[in-house]
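Can you keep this structure in mind? I'll have questions shortly.
Per-chain numbering from 1; labels A, B and C assigned in written order.
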Amino acid sequence: MNRKLLTAFSAAALVSSPAMAQELKIGFLAPMTGIFAQIGKDMENGFQMYLDEQKGNFAGAKVTFIVEDEEGKPPVGVRKAEKLARQDQVHMLVGGLLASTGYAIAPVSSRLKTVYVLSIAAADDLTQRDLGKYPYIVRTSWTSSQPHHPLGRWACDNGYKTVVSIGADYAFGHEVVGGFQKAFEDCGGKVIQKIWPPLGTKDFGPYIPTIKRDADAIFSLMVGPMALQFPKQLQESGIKKPIIGGGTSYDEFVLPAMGDEVLGHVSALQYSAAIDTPKNREFVRKYREKYGKVPSYYSESNYTTAQMIHEVMKRTKGKWPGPAKFISMITQLKLDAVRGPVRFDDMRNPIQNIYIKKVERKRMHGYDKEELWNTVTKTYPDVSQFFTYSKAEFLKQPVYSREFPPCKYCN
Amino acid sequence: MKIWVLLGILAVVAALAPFSGPFVILLLAQVLVLGIVAMSVDLLLGYTGLPSLGQAAYLGVGAYLAAILATKFGFGLGWDFWIVVPLGILMGAATAAFFGLFAIRASGVYFLMITLALGMCVWGLAYRWNSLTGGDNGLNMPGRPKFGIELANDLAFFYVVLGFFVASFFALQLLVDSPFGKSLVGIRERELRMRILGYNTWLHKYIAYIIAGAFGGLAGVLWAHLNGIVSPSDLILTTSVDVLLMVVLGGPGTLVGGLIGATIVVFLREYLATMVQWWQYVLGAVYVLTILYLPGGIMALFKGGRR
Amino acid sequence: MDANFWLIQTFNGVSYGALLFLLASGLTLIFGVMRIVNLSHGAYFLLGGYVALTVIGATGSWLLALPVAALTIAVIGLVMERVFLRPLGFDPLRQVLLTVGFAFLFQQAALDIWGGDNLIIQPPPSLSFSVVVGGLHLPMYRIFMIALAAAIGLALWFAMERTRMGAMVRATVDDAEMARGVGIDTSRVSMFIFALGAFLAALGGVIGGAFLGVYPGLDFEVLPIAFAVVIIGGMGSLAGAAVGSMLVGLADNFGKALFPELAYFSLYAPMVLILALKPTGLMGRE
């Protein structure tokens, strides 16, 4: 008799329990202290803004958003990811700033069978040669080389024949320069010198005088404080060559602190705050009003990531579909995002517009002040991480590094 | 007496561990690993009077050794883990033996500066020697060792680390109680007099420095497996500073103080940080207040201070 | 690698050395007088830059920012010395550790007050052009840095050699106990020197703000470099700081230009070598 009651009660409990728990726990990893603290804030704000717009509710699932500080250090990222996954029982991990952090957290996601959405970390191989090791990751941002392939093509089309590259000496820098070099040399250009100042260099005094004088243009990949110093010091040295930059060299994160020395500098990325569409205009104005600054790609990327997660939840009517299904659903999305149309390739990386942009001083989006904006001068639509190369051919070559592509034309 | 108190506390922690969440278990393991480093710093600072700001280098050397052996040679993930451990110890000792030749000729704040510089050299090496160390990406460990027990199970790993800590503690305690240890204290108090008495003080300090490096290397091997990744950020100046401050907080010259300090610092950095934004103020204030008002550290509250 | 290359690299190295001199001179004086290593020196450098930004933001004057920022940080240094370092008496190790605790506090406070963006201090237009000399473009700002460091170096030397206060400082550096014995108030000397050190560091931060930027983390980045200079030049020696900063500035510059793979090594390896040969630095004593 007792046993029957017990079974009846448990059956009733099962049926009535909100196991279709309309709750979505998202663990967010970004640097909140240390030298990248502000970038982390931008990342968080982007995501939070979308959450606030949806009033914390994704198609019926109440969103719990837990932010952890990964300090810009991979071991800390791993510890916090473990904490979020095991202690807080989050459904998914989002974020991670540096490529090294992405590489460190990806194995955790495999080990703990937890979804990891890379909303910033750009390390190429995570969605290329290493993809097989990480079944639960999806990337919603970019690969380091993705925007720089079309930029290389653009450089050829605009008549540049010889280029000197100067880029931060770490994996991200190597991949950006590598992407540019491959595309540029494949359409007839020549990279005649590659200079690698260490990450964090602020005094380019030692490097600038070594730049070969006969180059048509300089390709520079700078990050953070380097991005502020290099253009100034280059201008001071009297070198007047056109500058083509990597995505982070003139991103809106550093642009407000720059001056007239960067006017006319060109770069490429999947986002610019100056994209002239109503959707972006609304995004920029709302973000600026809420957080006091023009959104950078760090903010847009996380905003769009939140949007993508929401789209999946809409299709599951607010119910968490489990890690494998979630990955398959999110990679089938076609979204009209703030940055333009986005969809995914079969390696779980976005296919999106790449914008070639140029720094100009003007009024945009209805503001009356003249400010520096990255005006879009050309759009390459539908660019994947492999650009016009066949996936198989591309994966056969090694990942871009300091030595690859080799500098065939260096003296 | 204090040994029994320490063992008692550790036993309680060990008993409670199975009931704590995985995050807490890993945090405790972190406390123990850093506790080993802190005790080695205490050997130098509290017993020999040598303030070192570069011990993170030995942690790093041990950690990178374990990581390189595991990733490039697939070595150290089974029973050969027990070969990697003594290798880590040797590596730490050898590095300290080399660095000690530069450092031990100095004392006081000069020693502080030189050890800081040496620590920076090792960091620079880890950062730039891409082909060996993976540069700023670091090296991902392919998983924890398995030898009868699976260390991938956090609880099992915790107990193993606890075992290493207890062993290290006893080893160091024996050392400081021995005549060698007592002569170190003599050197801390009045080096000149020790030399007049015929002691080779340089050699004593040198050996102490090597021993500290050895324990740092041991901790490094454990550290690599704790985090699953080794990167140059493990070797930065703040790590050495943290460890030195752990000793100061807990109480120099007590060995146990290192563990107490490690608990406080790790708790603040890793646990409080998940709850509030202003944890760094608390950390800084704790340091400042301890240094100002509690020169013998927390252990002084229990012992009436050492001097 | 023509003559121009060597000339411009030398010029760059010397200008970097000038900035290092501002940073290191304070550190070495504090060590000479108080026998402590001020580990919050980097924080003073950074705070100088931040305060200058606030002044420029409020008044638009870069020229005003220089003394205001330097004096503000000097006051902070003064308070720190009086209220926190003094009570520790003569216990160098604890004083050093105290400066570390403060470095953490300053770092967090700076983040809370000024945020975490990477900022630059824009130099005034009067210094923002390049002088062209025989085909070489020499940025006026770097020339200014060299001139300022030289002026300050001379002023410090003059103060040390020719004024009473300077004599008191030198006496304290030589032998603090004897100095007290002849009636010098060494605690006042300590206070003055600590404030002066903070002043110089902050000044360096304002000057460097156009060159290195102002951002969280800069404090712990410049600290080891300042140490390198002080160690190489000899702790407690102003002349050593001058020599050391030139050596480090040139070595760092040429090292990066000629051997870029060894970027950090070209800084720390010579330091270790010099220490191996002469532990108190090139011009230090004890």
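Operating definition for what follows: a contact is a pair of C-beta atoms (placed from the backbone, for glycine too) under 8 Å apart; a residue touches a chain by one contact, two chains touch by 3 or more.
Please read these numbers as outputs of a predicted model, since none were measured by experiment.
Novice: Between A-B and B-C, which chain pair is linked by the larger number of C-beta contacts?
Specialist: Contact tally favours B-C.
Novice: Could you work out which chain's C-alpha centre is the most distant one from the centre of subunit C?
Specialist: Most distant chain from subunit C: A.
Novice: Roughly how far is subunit A from subunit B, going centre to centre by Cα mean, in whole Å?
Specialist: Computed from C-alpha means, the inter-chain centre distance equals 37 Å.
Novice: Between subunit B and subunit C, what distance separates the C-alpha centroids? Give it in angstrom.
Specialist: So the centre of subunit B lies 32 Å away from the centre of subunit C.
Novice: Hey, what residues on subunit C touch two or more of the other chains?
Specialist: 108, 263-264 - these are the residues of subunit C that touch more than one other chain.
Novice: Of all residues in subunit A, which are in touch with two or more distinct other chains?
Specialist: 33, 198
Novice: Multi-chain contacts only, two chains or more: what residues does subunit B have there?
Specialist: If we look for residues of subunit B contacting two or more partner chains, we find 128, 280.
Novice: Given the complex with subunit B, which residues does subunit C contribute to the contact?
Specialist: 31, 35-37, 39, 84, 87-88, 91-94, 96-98, 100-102, 104-105, 107-109, 220, 223-224, 227-228, 230-231, 235, 261-265, 267-269, 271-272, 275-276, 279-280
Novice: Looking at the complex, which residues from subunit A come into contact with subunit B?
Specialist: 32-33, 68-69, 73-76, 78-80, 82-83, 86-87, 98-100, 103-104, 107-108, 111, 123, 170-171, 198-199, 402
Novice: Which of the residues in subunit B come into contact with subunit C in the complex?
Specialist: Residues 51, 101-102, 105-106, 108-110, 112-114, 116-118, 120-121, 123-125, 127-128, 237-238, 241, 244-245, 248, 278, 280-281, 283-285, 287-288, 291-292, 295.
Novice: Please give the residue numbers of subunit B that touch subunit A in the complex, ascending.
Specialist: Residues in contact with subunit A: 21-24, 26, 128, 130, 135-138, 140, 143, 227-231, 233-234, 270, 273-274, 277, 280.
Novice: Can you name the residues of subunit C that touch subunit A in the complex?
Specialist: Per the touch definition, subunit C meets subunit A at residues 4-5, 8-9, 12-13, 15-16, 108, 111, 115-120, 122, 130, 132, 137, 139, 141, 211-213, 215-218, 221, 252-257, 260, 263-264.
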